[in-house]
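Next come two complexes, and both contain chain A; in the first it sits with chain B, in the second with chain C.
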Partner chain A sequence: MDDRWNLLQNQPFSRLNARERAYAICNPESFTELLGPRLKLTSPHLPPMGQTPQFDDGVVVGLGTVGKAPAVVVSQESKFLGGGVGEAHGTKMVMAIRLALRGQEILESRSKSSESRGRVAVVISFDTGGVRLQEANAGLLAHSEVMDAFQAARGKVPIIGIVGGTVGCFGGMGFVAASVDVLIMSDVGRLGLTGPGVIEEVVGTEEFDAANRALVWRTTGGRHRFITRDADFIVEDTMKAFREKVAEVASWPIEKIASKRIIGTGEMVLEQMRLVDLAANDRIQDSWDLWRQFGNEDIEYLWDSNVSEFEANARRWPRGRVGDND
Partner chain B sequence: MINFVGRGRDAIDYIVDEGSFEENLCGGETLDPEWAESAVVGSATLSGETVTVIANDAGIANPRFRMVYAGLMGLEEGFKMAHAVYLTIKADKDKPLAEKRPIILVVDTPGMSPGKVEEIIGIYKSTGAYQLASAEARRAGHPIVAMVVGRAISGGFLCHGLQADRILALSDEFGTMVHVMPLVGIARVTKINIMLLEELSEGNPVFASGVSHFYNLGGVDEIIESVADMRPRVKAQIDEIRRLKAAGEYDKVGPWSRLMSGIKRGGRKTSEKVIELMEEEFNLALSSWLGGEDDGFTP
Partner chain C sequence: MALERLEFEYLGPAEKGKRDWEYIHIGHVMSGDLEILAEPMPHEPGVTKFHVTTSAVGFGSVWQMVIDEFMATHKVRACEIWINDDGATPAVVKLRLAQLAKEMSREKSG
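After this line comes the complex of A and B, so read on.
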């Protein structure tokens, strides 16, 4: 047996590094890294600025198997420049999705029946503040390339997102995470566009007190995102919990996976606009105001309960579409 | 010299047939004129052909969301723009490729609204929805041309501009600004000396502000030197996009084509290496990943 893999499964996901996460999200001994540290491809832009580059440019990309599906895995490393997306990092992400599509085309070209062929999935573990400022322009462009690749993958290759790292997912990567098919978060994970510190700095402490950790987590944390259905699942902060959920989702038919999307069609835009309406004219001041509107009465209990109790008892945004209240 | 910064709505008439813009008319539907008014959407003609126009008016605030002002785009604005794109796709659903109406983006935005309510609801969905809508329209055959007339900044540019087939930008003399963050901001956040950053930015387009840096990276397809050139160049780009799409060359328009231009222009050498090496490594790992031709994929 693969001892390293077994050891990692019981570790907190949030404490693992990007490579451990990529390795352990796949079936034992199935992960092969592409353009790994061995090739020493580093950012040439950082040394002149006095920054030490890293051999993977802060993102691990590779091929593996998740449950029964061949998978392309992307895992961001927040300990390197906050997981910021630079030129190489961004291009690695874009290529990962394009190569997943190519893998799927190869499978489809084979004569086997579609059942025995399997279907390629993309798994992305986000742990990033968005654009890496040292390479800001290239990082920005990479975001647009990733979004385009996502659209190209629609209906062909499912994209499963994970937010469970210590930085979470902010900046431009926030809307990339919103554009996946299925999003899995933990209590540790946070998802947003503008980070709390930036809101405080630009608008003021009265708008957002970034030092108030409870406020930060109930505004952008996994529980709130689960209530608004931006996150499809909330899991415990263990490697095993994430891996099992990813493997389960990857085994679904592609239509079921696509039904979990929150944006990406005209109908979903209209649906989201109804959620936006609830917040207009300063009607809500806090995420918990929204929780109450969805029928959650004992909010303190929900907040303090463990993940499975929370998942079982939380009343989520009704979303208004048939079949989405499961 | 004329300057369109903060005047996205005024710029529309310089790009489409003068006086042809009908606000809030989108693919045959009429939108509520009081809804997110700074997100200016509607229909116009260009050389007589119907086009969808999406612009941003920095002079109008949103009374329902106080963080939407001075051109900042909020929750409603992004969703309204996305809605306009989906109405456009729907209106031409049954038309042949050559008749899919163009979408013209008039770009002047300083970015997305930074606010607490925006985060609670999830403004990333609004920006994301608009990008996915644009990517879908582009892939469905609609020619999309972005004309940067003022500020094209960070997340604002990503959702309103960077999903276009082609991006044109007025040159720097028109006050055009293209960046993620000005150098002083980058220096402050990264704690890198501003003098060093200024010096490095002269030889490297990867982080500094400006239309020409984005041109070298491929992020701007064409720099426009005069206001009078906007209309004919937008039209010429639409024709070129149609020609490429008719030939099925979808990788020669949109974000991927700009990455390729950046490589050609020498601004994205690292990306070029990444693409080459990942292709190589993928091909080497392919048979152990998917199994051989005969045995199929067996987990």
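After this line comes the complex of A and C, so read on.
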């Protein structure tokens, strides 16, 4: 039926562009882009600085269906300015989440039974270094507005984040990715606050060697984030694997989805601080020391095994919250 | 620092036949690359307009040559072509334009 869609499913997620990801994360022939390139909603700040704008300002937003759920999809493009979030890009993100909330309100007002009405989901594919420095104030504001919208969506509309692009998710967007309900990563995906290159530049190569790919991936990569529970799921680097996991999560009851949040209340912050206490001491010199602390013995095996073996055998941070064992 | 904006317009015999594509969008704005957006202009059947925005200032005559060549080899009419360029070489521009031509003909037959 939809040849292009079928072809994309078996492609590595990391190799696809933002528009292909947005299109293929939804059910076949269901995705419609909103505020697409033809609207030429470009950044007003870039031309005076000599930077060519891009017609979609580096983000694709649109509507589709994911499994049985109507979905609002946001997909960042890391090829344009490293996926940096500026004014237009950020506005598109914020309005997309508000649109999902509004859509959910409409669904609820039309149908009394929660089974029959379905529920809107938000899917955000992060591929970004965070704030776009050329328009930092607008970019920062957008970050806080996105997180504000997440809080408004809490317990109403699931926010499902995915990280599997070539840049990963760094800078301010690292905070944003931490505040979603459920985060899905591939082992190629990377998540952090200060990016490896920036750490090296500011503190020096002795502190962090950004050219050491193994070090970068075991510190910021999907496997480590899965073990520390920053990521809820780890999947293979294929479009299909991400799509199936997103559809599965979107079908969960909203209470279960909301229970996966790791920040947003005082208790949750204290819980995360306990993890920081565990990691920030002299005995932990490397992410693998932390893995050992959580009871992982054969680290080499875990590192080299395929994603499903890793997922089955990895021992994660024993946070001790209900539902943490699934 | 500022960007350069270039406009090119071509006149020719009006395009015959119906166009199937709504718009075509290819490429990315990244160092050494460009994005192209093509939109139909049904009210001006014999006209093709190019709007180029580029961060490489002072290469207007090179753009003129590359686009002249493109227009000489491909029958493109009744559309408006927007280019956002971030310092692509003429070779890369030619490749992207060739990609555009391919998309236009594929969409027509498909």
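What to note about this one:
The definition used in the following text is that the second predicted complex is superposed on the first by the 322 of 326 C-alpha atoms of A that agree within 3 Å, B and C clash if a C-alpha of one lies under 4 Å from a C-alpha of the other, contacts with A are read in each partner's own complex, and residues count from 1 in each chain.
The rule is simple: a residue touches a chain if its C-beta (ideal position, glycine included) is under 8 Å from a C-beta of that chain, and two chains touch if they have at least 3 such contacts.
Computed from a prediction, not measured in an experiment: that's the story for all the values here.
When both complexes are superposed on chain A, chain B and chain C fit side by side without a clash.
In the superposed pair of complexes, A:F80 makes contact with chain C only, with no contact to chain B. By the touch criterion defined above, A:G221 lies against neither chain B nor chain C after alignment on the C-alpha atoms of chain A. Counting residues of chain A touched by each partner, chain B versus chain C, the larger count belongs to B. In the superposition on chain A, contact is made by A:V269 with chain B only, not with chain C. Vertex at chain A: the C-alpha centres of chain B and chain C lie 100° apart in angle, rounded to steps of 10.
Legend: residue contacts after superposition of the two complexes on their common chain; A:M49 is shown touching both chain B and chain C. Once the two complexes are laid over each other on the shared chain, residue contacts for A:R38 go to chain C alone; chain B is not touched. Looking at the shared chain after the overlay, A:N281 reaches chain B, while chain C stays out of its contact range.
In the superposed model, A:G189 makes contact with neither chain B nor chain C. When the two complexes are overlaid on their common chain A, residue A:G165 makes contact with neither chain B nor chain C. Contacts of A:D148 after superposition on the shared chain: chain B is touched, whereas chain C is not.
Once both complexes are placed on a shared chain A, the shortest Cα to Cα gap between chain B and chain C comes to 6 Å.
Counting contacts as defined above, chain A residues 48-51 meet chain B in one complex and chain C in the other.
Residue ranges of chain C in contact with chain A, taken from their complex: 1-3, 23, 25, 28-30, 33, 35, 37, 39, 53-55, 82, 84-86. Residues of chain A touching chain C in their complex: 17, 36-38, 40, 47-55, 77, 79-80. By the touch criterion given at the top, residues 27, 32, 34-35, 39, 41, 43-45, 48-51, 61, 63-65, 67-70, 87-88, 90-92, 94-96, 99, 102-103, 106-107, 110, 112, 116-118, 131, 133-141, 143-145, 147-152, 154, 171-172, 174-179, 191-194, 198-199, 202-203, 207-208, 219-220, 224-225, 228, 230, 262-266, 268-270, 272-273, 275-276, 278-282, 284-287, 290 of chain A touch chain B in their complex. Chain B makes touch with chain A in their complex at residues 63-67, 75-76, 79, 82-83, 86-87, 89-90, 112, 114-129, 131-133, 135-136, 139, 154-155, 157-159, 162-163, 179-181, 185-186, 189-190, 192, 196-197, 200, 204-208, 213-214, 217-219, 254-256, 258-259, 262, 268-271, 273-275, 277-279, 281-282, 285-286, 288-290, 293, 296-297, 299.
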